[in-house]
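Lettered A, B and C in written order, each chain numbered from 1.
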Amino acid sequence: MRRTGRYIFFAILGLVLLFIFAPIITIVVFSFNVDKFASLPWKGFTLAWYSNLLLDANIIEALKKSIIVSISVALSSCVLGFLGAYALYRRPFKLQNVYLAFMISPLAVPWVILGLALAVFLTRLDMEGSLVSVWISHTVFAAPFAMLIIRARMSGLDSRFEEASWDLGANRLMAIWYVVIPLTLPGIIAAFLLTFTISFDEVIIAWFVCGFEETLPVKIYGMIRSGINPTINAIGSIIFIFTMSAAVLSQILIRKPRDS
Amino acid sequence: MKIRLLRSEALRNRLDLMALLPISGWEVFFYLIPLLFLLIISFWTSKDYDLIPTWSLSNYQEVFSNPLFRKAFLWSVWITIATLLITISVAYPFAYGLAFVVPKKYRQVILIAIVAPFWTNYLVRVYSWQLIIGGNGIISQSLIALGLIDTPLQILYTHVATSIGLLHFLITVMILNLYSTLDNIDRSLIEAASDLGAGPFRCFFWIIFPLSVPGLAIGTMFVFIFAFTDFIAPSVLGGGTKPVFSQMIVDAAHWNANYPMASALSAVMLLAISAFLLLLFRIVKGIIKG
Amino acid sequence: MATQSYDVILENVSKSYHKTRAVDRVSLNVKQGTFLTLLGPSGCGKTTTLRLIGGLETPDEGRILIKGRDVTHIPPYKRETNLVFQDFALFPHMNVFNNIAFGLRMSGVDRKEIDRRVHAMLEMVGLPEVLHRRPNQLSGGQRQRVALCRALILEPAVLLLDEPLGALDAKIRKQMQAELKNLQVKLGRAFISVTHDQEEAMTMSDEIAIMNNGKIEQVGTPLSIYERPVSRFVATFLGDCNLIDVIVQNVAPDMVTLRSNLGDFSFTPPTAWQPIVKGAAASLMIRPENIHIEEVNPAMVNRVQGIVSESIFKGSNTEYQIRVNSTHINVQVQGRSNLKQGQSVTAAWRSVDCYLFS
């Protein structure tokens, strides 16, 4: 009886894993397929879709914009997030859980609504339809996220290190620069990579506020709605590799420090 | 000397909290206020791309009376509930197996494996399902080649396709939540139950399941919010015939430039979500208490 | 052999994990209604043995009998044992009542009966007021009593306890030691407890089984193990002792003479002593409290000369380290004592106040 139970489990495991992996395998495999559709048997191997990518000026433009925005978002999020994490670390206050709940709420509010709200608001301020508006909007949810990550790392930091540096003559800024930041650096880098990734991938809010300055995901969305296009597979595969590297890197950094 | 130290201490404390200002300011100005503004204009109307402060409930009346919106709402509820049920049915056994059956050395690998597909863009993944379940897709072609069916599969552009697209993302979320909760259950509690006379099934019913409810609740929350508000999977995979409620918001805003209507729809959506969350909270509280 | 007079019998039980033998061919007979403690250093296999008796592990070899019935392959929920876990394992999502009632629910006892018995149980341990509280609202001592109730309410043939006092503060521990012992006497059931604290074992147990490296070194009453250990390990584990390497010179029923590089000694063997052959090497053990420095009288035939090298005042007694030739012996003197460092002393003990083993 126990034996069959085990076999059932492993069967479910296998099926679910297959289901989860199906898209990613499809994307990668058929990005090399000559045929437009996912035809079986394979019509032929080609790198045409990848070279298409490099030649398509629109896509390259969109990619550039995405990179610019995402880096800016990561930078602003990490700065804001670091400052917020530091404040909470140094001076926890009574209603801090309520405050944190509010700060995290952008991640729980449906992004359709968030995108809509920002589009309307930024239009009123005449700031809509540019990369700046995407940057502002993405930072709204990325900064709290960065704050969470950095805070987690900071909580393991002994406050006596900073106090020791004050004792030795460092002022607040110097202490932060020479002591706090280096010791929290893995968390900061992890936050940077994660916010970059999330911003780079984000489509809904970007779609609402970007206007004609299309970021890559918005461009992809447009391509998808025009029909089947294997160039999308190629884009997807490349994004996969880069995101994977960023995720692996941030995982290595997020782990707690070993005693040095 | 002492007075100066105390003063600098107070100053230091104030300076510390000031570091919260930038991020708080950003959130207030670019998150809270836009949302409030959205709420405000839901009581206004629009004409020729201009917002007119009408201050009426006309938008809301439209939301509740127009059959188009009602259908979309019900359709969203239906898809969400169906997706939720399927997700739990598949994810729970998977997470359970991962936490209790799979040997420890394989667990990390499997966890990474189920997260890995997230390393590519959500859009691209949804798109790829077209390649898999479409009329010319992999499954269709394979089944035809095997002689199991004659005509190409018609899954695409149906609610099944939409669910598949949503499921694909949500199963992983639910598995991760459930696994983390199940893995944290103190094994000695299960041994104690066994020692006190509970066989394997009763151990699950009395100990494992109740203690897994928090993780299940959080997973349910995510699944619900995502399934209810996503418009990408429905539009790419579901076809345009049966739109979901979030699509109504997008249509009103993007295609009709009727922002007041879009915000009224958004407000109703948020109300629905809040109502659900409250219900969920009540149920979970009930389970935990008794 | 009348198996019915033993509550638990282990026959050559072994259990291995990843190629290490946690329990190595252990045989043990637990008499009816005894309080037995499995004592030993961490990693000696005592907890594994306990879990084997409880059914939470299955032995690789051997048999386990409880009240004469072979339970070797019977799962824990069908055995007549109940285990009080080290951290109590109280179900966090149930209140005290439901925790205690759990086992009764599993056996299908009806509600009224459950109610009556749970109340009676809590009365017996003196905690009637915590009925509706959750485990995280209880103190350590309260939790322990609830865990006891939960196990005892099922009236198991044998109650198993895994380091029952380990999680408690030192103050409560003494009190609980007495309470547990009284409880066991009152109920008349066998209790098998696991601990690494030899003082706890000595206080509460009728019998102690000392384990080391998966094997049982010795089983006996606290007194017999303390006074007559069968090996160096047992001797040193149960408290301080002095061990002198000796060679047996002559063996007579009432006197054994020994030779060592600290001098000649004589040992009066107790009745059930395992004789050692003439000429063999052996260890002479003397407990520090049996060696006298200040009130030496002629009956103490074993003597050594030495110099006080260290003294530690411990409140109710004083411990001295006496240098004798190239080694030292530890002596414990009751009450106050004012010997100075460097002072020359004679340490003596009676021939009945020591023990000889090979």
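The rule is short, and it goes like this: a contact is a pair of C-beta atoms (placed from the backbone, for glycine too) under 8 Å apart; a residue touches a chain by one contact, two chains touch by 3 or more.
As the structure is a prediction and not an experimental result, all values here were calculated from the model.
The chains that touch chain A as well as chain C are B.
Counting C-beta pairs in contact, the pair that comes out ahead of the other among B-C and A-B is A-B. Mean C-alpha position of chain A lies 59 Å from that of chain C.
Remark: chain B and chain C have CA centroids separated by 57 Å (rounded to whole angstrom).
Note on chain placement: the centre of chain A and the centre of chain B lie 17 Å apart, centres being C-alpha means. Under the contact definition stated at the top, not a single residue of chain C touches 2 or more other chains. Residues of chain C that touch chain B in their complex: 54-56, 75-78, 81-83, 85-87, 89, 91-93, 102-103, 106-107, 150-151, 154.
Only residues 12-13, 15-20, 22-24, 26-27, 30-31, 33-35, 37-38, 41, 90, 93-94, 97-98, 101-102, 110, 113-132, 134, 136-138, 141-142, 145, 167-168, 171-172, 175, 225, 228-229, 231-232, 235-236, 246, 249-250, 253-254, 259, 262-263, 266, 269-270, 273 of chain B touch chain A when the two sit together in their complex. If you check the complex, the residues on chain B that touch chain C are 186, 188-189, 191-199, 202, 206-207, 210-211, 288. Across the complex, chain A meets chain B through its residues 6, 9-10, 12-13, 16-17, 19-24, 26-27, 30, 37-40, 79-81, 83-84, 86-88, 90-91, 93, 102-103, 106, 108-114, 116-122, 124, 136-137, 139-140, 143-144, 147, 172, 201, 203-204, 208, 217, 220-221, 224-225, 228, 232-233, 235-237, 239-240, 243-244, 247.
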